[in-house]
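Presented sequentially are two complexes of chain A, the first with chain B as partner and the second with chain C.
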Partner chain A sequence: MKTTRIGEIIETMSTGFVAQSFKLNRPPPLGSLVLVRLPAETAESSASMDLYAVVTYGRTVGLDPSRRAVRRSTDTVFDQAIYQEHPELNRTLRTEFGAMLVGFAADGLVQQHLPSQPPPLHFSVQETPIEEVRRFTHRLHYLRLLLMDSGEVSPLQVLAANVRQVYHQRGHDRVWLDAAAREIATLLKNDHQALLTVLYAIDPAESRPRLEDGRTTHLLGGGEQI
Partner chain B sequence: MNRKRLGAVIDGTYNGGLTVRLDSGTTTEQLRIGDFVVVEGQRNLYFSLISDIHLKATDPRLLTGPPRDASPFIAQTLAGTSIYATVEVRPMLMLEKAGESRDLLAQEKRGGPQPVRTIPMHFAELREANELDFATVFGKEGKLNFAMGMPLTMDIPICLSLDRFVERSNGIFGQSGTGKSFLARLIISGVIKSKAAVNLIFDMHDEYSFDKQTEDGHWVKGLRQIFGSKVLIYSLDEKMGRRTGRNVDVTLKIGLNQMEEADIVLLSEELNLRKTAEATIGLLRDAFRGQWLLKLLEMTPEELEAFCRGSGAHPASMASLQRNLKRLRRKDYIVNEASFSALDDMVEALDRGKHVILQFGRHNTVLDYVLVSNLVTRRVRQRYEDKMRRYEETQAVADQPRPLMITIEEAHKFLNPAVARQTTFGTIAREMRKYNVTLMVIDQRPSSIDPEVMSQLGTRVSGKLTEERDIDAVLTGVSRRSALRGALASLDTRQQILIMGHAVPMPIVMRTRQYDEAFYRAMGARFVTPQDAEKDIRDLFGDQ
Partner chain C sequence: MPLKLEPISRQVDSMAQEIVDLSPAQEQFLEQARARLRSVSADALRQKLAQQRRQQIRIPWLVATPRGSLSGTTPAPSPPSDFCVIGSDASSIPPDRHSSIRYYVLNVGYALLTYGSHPDALLEATGQLCFRDEDLYVFSDKRDVPIQGVRLGARMEVESLRILQQVVGTVSRPTLALCDGPLILWTLQNETKKVRQAMLHAFLEAMALLRQAGVPLAGYISYTNARDVANSLRVWLCHTRPNEECERCDSDDRDLCLALAKIRDRDLFAFLAAGERSELFSSSSQILEEYGEHRADFFYLNVGGEIARIEVPQWVGSDAELLDFLHAAIYDQCRRSPCFPPYPPALLEAHEQAVITAAERRLVEEMVERALGQLGRRVVRSAKDDSKRRRGV
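And now, the complex of A and B:
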């Protein structure tokens, strides 16, 4: 299956990994599903194994963590022009992203819990092909793993970002979105503020332009249902 | 099998019933108090009633600040997850599951649904009852299973087991306008058709025999028109018999000699009698035996005084008794002397399988009704006692008296706590089926009927009741009444009833069957032709 390598693992543990992105300033989208393919000989089982993880943060820093970046812009050179003016930045800066393991596929079966081994260091991180996204997100048990505190971005925002991403990747699958929203409502049943935070963030109506009178142009009950 | 899941059991006690959390797809508005539902446990099916509905939230803070600008998406997500509804469900019967095929025959072998003795575990499924469930519990229509109505949301018959129905005294209750006499007609038709019992109906308002216009304006047929000569019409009113197409078979006269002390005491209120009347009558009876009433009414003031001197009766109360009882004499149907033969013939007709309606015609005051019904019933019961004794001696099937069901309206006049011990009706209601005679009492104020009588009623059929005391009265002696209380108060005024007791396996709310052409046909209505006349004569007078 054709996949795109987007990064390399530079730190790994049972719950997730940190990878360096191949593109400066362009880590994979927050909440998107990424993939680490383990060939047969490296996987815990004899067969090959695909580990799935959800991107929990992205950041760009200098190579030397002890040295903070300094200002480079002038009145005439700013934004993208800075990178053309200082091509060495592409060498001295790095973009990394964190991802949280949410499951794996082995022997053709999708499991939504942590694999027994963390992915090996320096292995490639790949974009997950759409059909694998569909296959993996068919069940929603992985959402509860996302609620574990990942330490960087609020887990609620990661969760919301993941649902938005998958909703988009599944071709605006409204049935899936409703099911995911219900699953989240069940997970966050004791904290309705947290629940509303996520629901507002994944509400498909919220992302539409507002009408002049302030109403949104949501098309529930028709329009975009799939 | 078509069945719709509604929710899952999450809590419960055997005594208090089960709590079921509704699925997110189920709204509370789909369900009503008193609905018949099924809980499917691992081993048993539990046939249950919905007794209460609650709205709940997982996070109470959500209720204190409901989201104002929630889009439909959010509202839809919250419904059934963070905010949800539970229903209280009362298991009434249980049935062991026999694999997948629940065919009725196999179930009958195992004895059908049993009383509930346990409850299912968590997450047992609650679902709507389907046709098979109704058939399992209420049986199939036919023979002694009389289709009484339909579930509120389905078109399948709910059956009343008539043989069980006539085994005990029964009651039909409901506010006025809920169609009590219509219900009575329906049930009596069923009893006549199935031959479960013979009927004696005291028809105070002339509602049972012939055409009658209903409150919504169309005409419905009477029992005589549906069942022809199987139904005999007795009347107190001679003029009734002269109307065309409304033949009366017998005009009944009541003799003063037939009245007893208890008949008069029963009428204390209507006749305005004093407390001393009972003692005074006692004295008269001692002196004149069966002729006491006639003698009293014919006494001149001098004779009266002489009697008082001789017997020690109080002259003033004697005089007032005489004055008040003179009202009886003014009734057209009361004669000085009448034999019991007319009543005995009536009992014989009943024994031949005829059904008797006693019409009151113009004499439809409470006084007439109470006096005549009580007197006639006393005689009928005496005769039944004799028959029963004979049957006990011979033990021949031919001698067994047919079960008799006596229908009375305004039942509280006979069965209120003050008189229930003295009237024949009270006795019948209490001793139940000892002599194969049972009552069907019809009343709009069940609370004024003696609780002891109420608790003996086998089957209760009730239309809407709102008065708290009446609801309590109807539910006297019924187990798990809290579930039924709400159901009773939430019935529609028309055509919706709650049936509970001996003749149904579990209490059930239903729409009553239509009393229309289709019903007449189902009851085998025939319209009398001349050829039938001869048979009618034979039926009436027996083979001579």
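And now, the complex of A and C:
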């Protein structure tokens, strides 16, 4: 299956990794599912293995940690034009993203728990093809892994971002979304505020124009007065 | 024990007070000096300097001979739409005399920046461990004149220029080659003629190749301390032998002459507007006698926040087209600078490539010790160095 390389792992651990994005200022979307393919000789099993991870943050900083970015804009040069005027920025800045491991596929089976080994340093991170996104997200156990604190962005926002991404990639599969909402409701049954935070963040109605009568259909169920 | 700050603090207060007290008088003399810059005939000054040279009157300072007028200015032309700037810089881990192993490390960095329709950047560095006799000595056959101190500094300048010359060969559009620091390697002045010539050989060869490629070269000196032009004004004001009979001097210009000894060219030329350059001047530095056709002149340029000294070979200074491009490209570099006062990004990035951190210095030392250790040889350090490292109490 054809994939696109989007970054290289520069820090790795059992729970996830940090990768340097190949595109400056364009890390993969928050919550998206990314992939690290391990050939047989590097995988824990004798067969090849695909590791899946969810993007938990993205940031752009100076390549050298001791060099902070400084203002470059003028009255006439700003935004994208800054990169034309200062071509060295493409070599002195870097965009990196963090990803949390949520499972792997080996011997034709998808597992939704942490692999026994972290992915090797300097290996490629790839976009996950739509068919693999569908296959991996068929089951929803991986969502509970996203509730672990990833340190940068709130786990609730990462969880919501992942559900939005997958819903979109699965062709606005409402059945899947409802199942995901139920899974999240189970996971957060003891924290009502956190549950509402996630449900509002994944509710497609929140990003749709309101109905003329000011009412809309919510994931939370039924109609709700705005 | 740490530095005792109490007496230092009192002395700092005194120093600050003296600087402030002297400022109004210095400002007054500075204005007078600038007025002389405008009024003195460049022709007459050239004649006086030439006459003193003919009469072998010793001038104890470096002086500048104007190639045009003294106070003439030229605004910055516009740079072409597509062009490149390549800057280079070098740093080193010098030989350690406290170690039984003699070597040094050179790291030469460069930044090739492309502007216009296809903006791009290439930032690179080439590290080199120098441990063979041909690297350690100016004359390797006799193991004579070690490369260290001033000579290591000159070697870094040579390598900076050589990398510029190597990289411009890969570029097809108009390109400016920029060195961090002077082209006039005056630090070699105290070396013997044979050493000077041996060290300058590769430097001048690289200049010749740049000339052949039609690439203008400049040495960029930020916040210059030079006084060449101020010294020339002193020679102009002096009616006897410069710096010899100042006590007995009864000239009306005596106070101005003595004040000029404290005035730097960067203050003298502070009247330049942003982007403007002065006319070209020739330096009297003795080392230039070795430069032949690559003899370097200089001008001052207001880069938009400070007066920089720009040194250029005469083949650049005498070619109006090359000089205009060089002037435009340097000012454009400073316009693109992310800092204030501005500094050319090509040099800033070259420096970042060249710099060797303290951790990297330790790492190289450890690598050498490990490599020798694996072969059963221990690196011996002097007792003095060892005691400083241990710092036992």
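Just so it is clear, the second predicted complex is superposed on the first by the 210 of 226 C-alpha atoms of A that agree within 3 Å, B and C clash if a C-alpha of one lies under 4 Å from a C-alpha of the other, contacts with A are read in each partner's own complex, and residues count from 1 in each chain.
Just so it is clear, a residue touches a chain if its C-beta (ideal position, glycine included) is under 8 Å from a C-beta of that chain, and two chains touch if they have at least 3 such contacts.
Quantities reported herein were computed from a predicted structural model and do not represent experimental measurements.
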Clash-or-fit label for the pair chain B, chain C on chain A = fit
Message = Let me test your reading of the model: by the given contact rule, A:114 touches which partner, first (chain B), second (chain C), both or neither?
response = neither
Task = Decide which partner touches more residues of chain A, taking chain B and chain C as the two options.
result = B
Request  = Considering only touches as defined above, state whether A:196 meets chain B (first), chain C (second), both or neither.
outcome  = first
Ask   = Taking the superposition as given, does A:205 touch the first partner, chain B, the second, chain C, both, or neither?
value = first
Query = If you stack the two complexes on chain A, which partner ends up touching A:88: first (chain B), second (chain C), both, or neither?
reply = second
Task = Check the residue A:182 against both partner chains and state whether it touches chain B (first), chain C (second), both, or neither.
result = first
Query = Put simply, what angle do chain B and chain C open at chain A, by C-alpha centres, to the nearest 10°?
reply = 160
Query = Looking at the overlay, does A:105 come into contact with chain B only (first), chain C only (second), both, or neither?
reply = neither
Ask   = Once both complexes sit on top of each other, what is the least C-alpha distance from chain B to chain C, rounded to whole angstrom?
value = 50
Request  = Enumerate the residues of chain A that count as touching chain B in its complex and touching chain C in the other.
outcome  = none
Ask   = So in the complex, which bits of chain B are touching chain A?
value = 24, 58-59, 61-62, 67, 71-74, 76-78, 80-82
Task = Over in the complex, which chain A residues touch chain C? Could you list them?
result = 64, 67, 70-72, 83-92
Key: Complex contacts: residues of chain C adjacent to chain A   = 111, 113-115, 119-123, 336, 338-339, 345, 349, 352
Task = Please name which positions on chain A make contact with chain B in the complex.
result = 178, 181-182, 184-186, 189-193, 195-196, 199-200, 203-206, 216, 218, 220-221
